[in-house]
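Scroll down for the structure; my scribbles are underneath it.
Letters A, B, C and D name the chains as they come in the text, with residue numbers starting at 1 for each one.
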């Protein structure tokens, strides 16, 4: 057991920190995931790739870093520490790429993996639908085989980055008559195809972090099926497992910068903070626990290359901590809390989405109950 | 960064678990707790022979020459089975104050120790089961022979006594040295309680899951009801987070790292995780969980004992917050944060 | 709306308070439901009956007060205020009696109702079994019709007062082949019959508030079936509905005396109490809310004679408040909290049963979800 | 004891609900909130004609001669539909300080009022929508014409402004009288916020239940999952308890009873019930609950506004505890407890 950076890690971290200080444009600091400043964000993403700070967990054969999860963790921590935005290609890197590695044909791997790494392809995800939240078996976006193309019609929601994306990992219903989970097909869809329309989806914050995607007679070559026709559910499970793999570090990084602001706010308003000290410390402690647990769960990933279910645990606890933290901060504002302070008010509203996006807390609890505690299914 | 225990450490844990399963099966717990001494003194010699009383004692003094991380594993496992002998008292609480020359006697199982850090009331765990007591006062630390009256603990597996101070004292530290030792004893106490709480909570959660898998109501296993499974998941999450903190605090102590935050943080999280888990699992067991015959109430009482012996978690949190705010005024508290950030601060300074 | 006693109510309350002051034996003050002092408890129960403080909600035709729920509320409040124990016949008065009124034959009513009122018959309840907690359909205690008697064999648990009881309301399985819920028969069983054995059931407090009852070839006359053979489930539902009818007042009364002790403890330990003031007030506020809600729900009872589901709401919130209150009190004790103080330690352990007995919180939430919010069944 | 509203009061509630359903359907809420003035000023005259601005004003002054209990019903119902005109400001907050001679003008809808009890920042709800503002200071209460700058409220349906004090003031009370009036205004503010919170929470709970009955996931209505139904039940319980407290506080105020505990108690319970209910129902709606198009975020923002405008519930609770402990030292706090006990104390004294 060694709970501090090794010499190599410490050096890597120090070099990275210096690199960020030099390269991060001031306009991007603290931007979070908010839309805007797209050209700058693209530039920043390419700079990260060029400097070798992208794809460290990918196998070397696809141009990745060969699975250095510990270093990946350091990158996510340091980016968060600097309040720097993530790479725009996060869905390609964290979800589409790993899924293509597992289920893709040689052609598919050749066509996409390298380009994802080099930030030449931005990806988005088309899983959720208005009538099917967490329940993939209720997907209604149709894919009908016509000769050697699938004709796709339907609507997806909650798709981040869709307005920027070149490609989409899309779960479709190819056989409505098949048994539940058997009629799904997983497609790689070119977002520049005719018939694809992206509309921003406004959230309660007033911002639009997500999009709706409408597909009208979109033609997708049959060669773009990932896995088997009718095997979309299995492929989608691989994606979801990877969604929460290194998510832990990104999440705790976000929380870390929030907690630092909360502590500064409390230090600047000592009297107002007095009644909430225990609660403030509780969130700091929770953050340390989440960081440590993210490191602890790396063991599994390093050993098997497949993420364990710890990601669900971290996402669960993180989302609730994030919500409590913003509420606490607003308590410290005193009577001005009825006004929009532009920071914590936004965060408080945005944090309500934390227990919904990337798996609702209810679904995550089901997953932990079934896969970790081996309790009988609740459905 | 590497969060894994070594193979030797994993073996030690397995060994401890096997020993406890054999010598203190859960089924025997009630009988033991209700017996006259409250524990089986014959286990002490066995523990000594297994080397578990001299884990961190140097080899030349008759110990194994290992460290607190190994002791941490044993404290957690003893907690898992509510061991009622003075292991926590001797190794978890008193050890850092015991004079080198007497560590061999402890290691051989000849002298048992406890700690008195209760200035006015002089409450001492296992007072009637030990020979010597380390007494912590504002400006001095000394040891006295164990003597006094038994008191009724809320936990029959962790008995208490009120220490009577006789004239026979051995001074262990004074002045700044005493203050430093007191601080070390306090960190260790909180860390040890956190480990015990994690061990205890893990056992109780396992029983809760087992019951939820087996018991049927309304023609379904109760584990398939979210009103049962989700609280168990919440306990799993709390325990996993508390475990990370408890190992972190133990690692910092074992390595002699300066830190005043990890131990109270781990204690607050683990004590609450233990109490919450016991309460949830009693609820999951329904009426059965409420009976005297179930081992659950023993665990619940221990979890409450831990929470009261260590002091209200929220008061520790308040102290943690005060320290963090001090650092925050002087910039981000990087040097006191978990892994990554903490370490780099050190490396780059 | 009139949120204070009417002149009549105030006079009734004043008279009752004086009566209690005069008649309550000092040895019974604060005894709660703990066993012991049985002769005194019996005496006290008879004194309450003789003074007219029992059965106020029962119809006049059975010798009751004709449904004066408000006065019944006053009685329960004042008994709790004086830390006086309840009438020993509480199960007869609150559960067996009302069920016999609804489902009983003329003979059954004549045989029991008057005697319950006059505290000549103590009743207990035989619903729960080791293998069937809240799930009545899983009852395994068999009742086989042999001529004109049922032969009863089986085991019940969690029966309060069984060690004192003369009669038992017993749910049995009379037809194992019938569809779920159709094979149950509800019997009135003489606890003095041969083959009935009562064993105290020790709780985590060390006390035995409850019992197990073992039935071995107990003969119960067929005339003692309440309702129809095979209709036991409907009859049992009537009992359970009444269980929580005026329970509200008894519960808030108990909580009231606890909160008064908590406040006194806090006032005597001001420094120790300082960090918990908001939580202490929260429990006092919760108590006021529960009392008010108990009064508010009387409307329904007064109008229809059947209790509404509000009882479940009060029981739910009360049990959790009771648990939090005892934990708070023990926090105030400082380092002596590791010792058994004989009062709060007992209460803290005892309060764990509050969310289990008389309907677990999980079951009560199901009931409120289904019957009040009209949500689909969860089973 | 009788907790029922009279038939006339029930009718008033039905009337209010019908009016709001017609004039401010939930579907129109977003458009209204995002519009320039933030509310529909034409509704004010209608409300005046319905007599709702003079409910408690004496008949000879042009009012209905009723009381605060009737106003309470309207405040709750306006809260249920997030009415964004200055009804809470005029009737809920300012009314007790408005000079008798000006109540007729209020009743006729000609003059609108708000309250400034924010001494340093002078934050005033609906400042830009009203004519007059009651200003509460330590030793005096006076009124001034509404003037100042709009500020960005966290709730677009309850806009805020910063009052600028001109030279034109009408003194309303000084010294002990001002202190007494300030106390009354404070009780009324907390009581009115509690009522508004209960109305709002009830509406949101109903939407949550409706959604849980209709929406399917994994081939079942989501309301059949305990992870959905039990949180809704918890909200139901919290709202029912808060409702009892809110009516109690309103009844005490309406009857002129001395009491300093009921209003903060009701406020603390109701404000938290409202925030909790909004958060749970947003969660129950999943992604849909998080969108701008859903009315839920409007309700959530109002609930947060209420909680900040009234001040942190836990601080009110701390004050309540201090008062209770004062009484507790002098014996059980019978005179400050809900029904039964409170009343008998008075009757037998």
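What we mean here is this: a contact is a pair of C-beta atoms (placed from the backbone, for glycine too) under 8 Å apart; a residue touches a chain by one contact, two chains touch by 3 or more.
No experiment lies behind these values; they were computed from the predicted model shown.
Novice: Higher C-beta contact count, C-D or B-C?
Specialist: It is C-D, judged by the count of C-beta pairs in contact.
Novice: Equivalent interface to A-B, which of A-D, B-C or C-D, with over half of contact pairs matching by residue number?
Specialist: Checking each pair in A-D, B-C or C-D, only one repeats A-B, namely C-D.
Novice: Using CA atom averages as chain centres, what separation in Å is found between subunit B and subunit D?
Specialist: 50
Novice: Between subunit C and subunit D, what's the gap in Å when you average each chain's C-alpha atoms?
Specialist: Result: the chain centres lie 38 Å from each other.
Novice: Using CA atom averages as chain centres, what separation in Å is found between subunit A and subunit C?
Specialist: About 52 Å separates the centre of subunit A from that of subunit C.
Novice: How big is the gap, in whole Å, between where the Cα atoms of subunit B centre and where those of subunit C centre?
Specialist: 40
Novice: By residue number and range, which residues of subunit D touch two or more other chains?
Specialist: 220, 225-227, 230, 314-315, 318, in rising order.
Novice: Among all residues of subunit C, which ones touch two or more of the remaining chains?
Specialist: 275, 278, 362, 365-366, 378
Novice: Along subunit B, where are the residues that touch subunit C in the complex?
Specialist: On the subunit B side, the touching residues are 118, 121, 123, 151-155, 160, 216-220, 225, 227-228, 279, 282-283, 286-294, 296-297, 300-301, 304-305, 308-309, 311-312, 314-315, 318.
Novice: Can you list the residues on subunit C that touch subunit B in the complex?
Specialist: 128, 130, 132-135, 137-138, 157-158, 180, 201-204, 206, 275, 323, 330-331, 333, 335-340, 345, 348-349, 352-353, 355-357, 360-362, 365-366, 378-379
Novice: Could you list, by residue number, the parts of subunit A that touch subunit B in their complex?
Specialist: Answer in residue numbers: 1-6, 9-10, 13-14, 17, 70, 73-74, 77, 81, 256, 260, 263-264, 266-267, 270, 273, 277-282, 284-293, 295-296, 298-299, 310, 313, 316-317, 362, 365-366, 368-369, 372-378.
Novice: If you look only at subunit B, which of its residues touch subunit A in the complex?
Specialist: 1-6, 9, 69, 209, 212-213, 220-221, 223-226, 229-230, 232-234, 236-237, 240-242, 244-245, 247-248, 251-252, 262, 265, 268-269, 314-315, 317-322, 324-326, 328-329, 332-333, 337-344, 346-348
Novice: Please name which positions on subunit B make contact with subunit D in the complex.
Specialist: 225-227, 230
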